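Chains: A, B, C and D, in written order; residue numbering restarts at 1 for each.
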Amino acid sequence: MLRVRAWRSLSPVCRGVHLSAWKRTQSHTAAAARLDLGGIYPPIATPFTAKEDVDYQKLEGNLQKYAKIPFKGLVVQGSNGEYPYLTEEERVEVVKTVRRSLPTDKLLMAGSGCESTRATVQLTEKMAAAGADVVLVVTPCFYKGKMDGRALIQHFTKVADSSPVPVVLYSVPANTGLELPLDAVVQLSQHPNILGLKDSGGDISRIGLIVHKTKTQDFQVLAGSAGFLMAAYCVGAVGGVCALANVLGQELCELERLCVSGRWDEARVLQQRLIEPNAAVTRKLGVPALKQAMEWFGFHGGACRSPLQPLTEAEAQQLRRDFSSNGWL
Amino acid sequence: MLRVRAWRSLSPVCRGVHLSAWKRTQSHTAAAARLDLGGIYPPIATPFTAKEDVDYQKLEGNLQKYAKIPFKGLVVQGSNGEYPYLTEEERVEVVKTVRRSLPTDKLLMAGSGCESTRATVQLTEKMAAAGADVVLVVTPCFYKGKMDGRALIQHFTKVADSSPVPVVLYSVPANTGLELPLDAVVQLSQHPNILGLKDSGGDISRIGLIVHKTKTQDFQVLAGSAGFLMAAYCVGAVGGVCALANVLGQELCELERLCVSGRWDEARVLQQRLIEPNAAVTRKLGVPALKQAMEWFGFHGGACRSPLQPLTEAEAQQLRRDFSSNGWL
Amino acid sequence: MLRVRAWRSLSPVCRGVHLSAWKRTQSHTAAAARLDLGGIYPPIATPFTAKEDVDYQKLEGNLQKYAKIPFKGLVVQGSNGEYPYLTEEERVEVVKTVRRSLPTDKLLMAGSGCESTRATVQLTEKMAAAGADVVLVVTPCFYKGKMDGRALIQHFTKVADSSPVPVVLYSVPANTGLELPLDAVVQLSQHPNILGLKDSGGDISRIGLIVHKTKTQDFQVLAGSAGFLMAAYCVGAVGGVCALANVLGQELCELERLCVSGRWDEARVLQQRLIEPNAAVTRKLGVPALKQAMEWFGFHGGACRSPLQPLTEAEAQQLRRDFSSNGWL
Amino acid sequence: MLRVRAWRSLSPVCRGVHLSAWKRTQSHTAAAARLDLGGIYPPIATPFTAKEDVDYQKLEGNLQKYAKIPFKGLVVQGSNGEYPYLTEEERVEVVKTVRRSLPTDKLLMAGSGCESTRATVQLTEKMAAAGADVVLVVTPCFYKGKMDGRALIQHFTKVADSSPVPVVLYSVPANTGLELPLDAVVQLSQHPNILGLKDSGGDISRIGLIVHKTKTQDFQVLAGSAGFLMAAYCVGAVGGVCALANVLGQELCELERLCVSGRWDEARVLQQRLIEPNAAVTRKLGVPALKQAMEWFGFHGGACRSPLQPLTEAEAQQLRRDFSSNGWL
């Protein structure tokens, strides 16, 4: 694995400038150093037709609405995109569809993680070819007893070595049943083609420590959920990939603005009103609730692919309460 | 969902007779009622070449050796087959390869579980067409917070409704992070095309209770690991799908014989010598250890696909000790 | 730590003979080797008055009824005795009360575990003075992150070194959040004053392996719950300490008799009917349910000390169903 | 349960003024409303002699050193005080000793939690009589399966109803294996004699939500560990009870000052250097490590009561590294 500390410390970081056309012609080392991930990303949902086919028309409808919100970019096929339920062809086609609609000043971060290293390498290449600026690579998890630091470092290193675009690590224990170990994150942060980490576990001490131990690497940490977004900014994260941004995107960008500009008292008031709605569309009721709430807020949500079930009536009422009691409905 | 209790209670059960050619021309209802699952199955490993391609030649070498052991059949692409690391094409091709070699009096049970219901339905059909007598369908698990009884009953019912061959449920919490709830098992046991359950969790009270609560359904429970095989027989299971059978197949068939014939004192002595080697190739050291032990016992094991790593030297020594201290090496 | 393998292998084991008067005058080494623990024990409940004081009269009423059941003995202040809610004085007084009533051919096994080693040593002495034949010592658990094999071996060794009566180890992860590690059990089995283990975790592979690895030590394993009693006998346990024996004591002694005499088919039928009632009074609904069921079956149960709450109406109905659907009510 | 929202909103909060003499003559309602908990508390360790007796002289030595640090007060017999290893008499005697030494402008918060409600009520009274200004009451945990919101609300309500001094709730899942449910916290926050919560779980979304849902109750949340102290302040906590304050007390008070005065960028730099040393003396290596580090920094630490073991040489080196690599040694 290359170590590019010296190189990086010399390299200018053009924060806020999106250079994907240029970047694709450069070596990934250069690309990795230049991309600024800071900001808010909705991990977009995948709409389906009544027959459970991908509904590209509704997807584009959502994209048009998201274009009006000051997101840093979109995550396509994070956990909320039901990617484990899509075929590889569908995964690539959805990315292509998003690429066509996405304004050029927004980042497209595409989930390309698979269980095996070889499948991840291949899908990463396809995602880059389909227009991804960055890939988001989840920890493999089926053989969780064997997915220790050694295995995960080797996996991510191989993927990053061959990826045409920069890689963001993705740790989401609620779904995978494992956390990317801190020591592995620190070692992987030295790879020139690994830009950062989306951490959905929410352990704020861990997030602070990752920022601390990777600070010489220009490594960027994204909060993986809106519930701890403000706290994550507080300890040094640069942004968030938040399911709730599919529903309350403008509000999350406002929270980002307050945090980045140091207006913590105002941020706290807004953050607190977002915790319960966020928990409802993630941990408590999951993707079906996210899609239901999207419908209430003017987006296309609709049903999930089976075996994810629609909300029961009682769940829908609970969901509504979690938004209305915080003044959002 | 159909209820066929009355029908089943009339139907003769031809224990020990393998009728797959006949069965495929019949309705699945009849097929489900007739198949006897009782016995031992190795969930076979998938050998790879140095380049991590499936090594069909080595696979056939193993099959020839397994043909001499009185297994009830083979499980192709249980967890030990590294199925999450195979493409769909590879999964089907491996089943076809096994089908060509397998004596006609042995059952071929093929893993066809995917995360989405639609993918599972499709792969189930391909597996049946490739020659599977039975499919083994693991619980979907990525959205584990939403995989409650309601979702899993719907999933397995849809799969069983459309499957050309009988279905065996598969609960393996160490890998999936969830257990198929007992109430869901009991309800699914009433489906005419669901034959039984492979339970790898090892909670022996649960296994006994499942046998008890499904006894009017002729529902067959298979122990998912050699560590609790004798105890499972004791409380009413009919067989086992045991990783260790890839290594000590003859011995596990002997343990079966002792249990089935009520020679419990002899069984106990043999069972106790198998617990540590079994733990070593499953929970403690996983598939890489299973493949290493296969090499020691004359089978083709070899390396796993990445990100599964080869054993360290210390792990290999531990593995050897777990076999040798019990008199197997 | 002494090793007495040779001594033990020569020593006659007087199975079924209770020699506590003699034993108390001997060295603990001899005592440990002679005591046969085999059989069924109810871990008796502690009745309280309306003011939550120990109701010694009701306790004696229960003891008179238990005297008619062929138990091997009684466990006083296992988890079901609400021992963490009693003062030290009450713990000792309850043991004295039981001692006065208990027929001389029954064993009195008294819980003497505390968090610190020194408190456990002191209470163990008091329990022996109060008439305990054996002490049952639970794993300390508050600092669970530090309760590794090293700490637990030292703890149990110190307690056994000084105890006037033999010691039985007690592992109950549902309450303590930790399991006594297998390697620690094996090492502790060599102590001349440690007789055996009550294992309430229910991992049947572990129980079989403990029997296997301690067989040269004459170490006796007791199943800690009725749900896996038959399976535990099957793999080599010698008895059970079962909450359900407070309610269905005669039936559990019958299950013991069937297992010990090798009538496994009859045992299976009986075992299966006991799993659900057992789960109801332990894992599912706990001590309040045990005490409620005791009332239904003619024993004094009554309320628990606070903060344990009485069953809700819905819980009481569930409890009744778990007994009645298995033919016990 | 009384509701005193209106009353509270009128009541002046005398921040920073210690009025325990006056308070003890008032009703607990008034006391509860007046006490400001904001600030840093070390949960002091209990030194022992070579014979494992409480070493009151060394305790006083530590207290003299702590008197020079701008702590808000001291927590006596939080988890780091090894309270489960002390007798009731020792617990009370340690509080009396601290009371004698403690400057009158510092709060004495004494742990009085026991498993049963009645024991907790009694010890709470003794602690108040011994000079505690506030009691810290941990969740009972042995019967964790039954310690739901209903049981815990009843427990804490009874304790608070009868306590002569205000009560702080204490949730520490790493030791107890359960978390005080959020809904229970919200309901208990309405009790006039319940002042706040020490939350050691570290789920920052939960902490933010508790602050949000109790804001009309003047309910005060204290971070239970230094690892997330800054983040907790950020989302609305008022202070911290931090094991690390036994070692780096001045530094934690400095971190408090930076957070309270809104100097978040400076706070972040300091916070990040504290995460690893904090993890070392808590989650990773526990109380023995805390006491070892205290020795290095000029306090009396010494050995723990058994079964807590001294650090191994390797652990001591790891501990040293976690301090030195962050510039503290």
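Basically, a residue touches a chain if its C-beta (ideal position, glycine included) is under 8 Å from a C-beta of that chain, and two chains touch if they have at least 3 such contacts.
Note that the coordinates shown come from a computational prediction; the quantities given were computed from them, not determined experimentally.
Visitor: On the document's contact criterion, could you list the chains that touch subunit A and likewise touch subunit D?
Guide: none
Visitor: Using C-alpha centres only, name the chain that sits farthest from subunit B.
Guide: Most distant chain from subunit B: D.
Visitor: So the centre of each chain is just the mean of its C-alpha atoms; given that, what is the distance between subunit B and subunit D in Å?
Guide: 51
Visitor: Roughly how many whole angstrom separate the Cα centroids of subunit C and subunit D?
Guide: The computed centroid separation for subunit C versus subunit D comes out at 36 Å.
Visitor: What are the residue numbers in subunit D that touch two or more other chains?
Guide: Counting only residues that touch two or more other chains, subunit D contributes none.
Visitor: How are the chains arranged in terms of who touches whom: line, ring, star, complete or other?
Guide: The chain contacts form a single closed ring, each chain touching exactly two others.
Visitor: For this entry, which pairs of chains touch?
Guide: Those chain pairs satisfying the definition are A-B, A-D, B-C, C-D.
Visitor: Residue numbers of subunit D touching subunit C in their complex, please.
Guide: Per the stated touch rule, the residues are 52, 79, 84-85, 87, 115-119, 140, 142-147, 150-152, 154-155, 158, 174-177, 283, 286-288, 305-309.
Visitor: How about subunit B: which of its residues touch subunit C in the complex?
Guide: Touch residues, subunit B against subunit C: 202-205, 208-209, 211-212, 225, 227-228, 230-231, 234-236, 262, 264, 268, 271-273, 275-276, 278-279.
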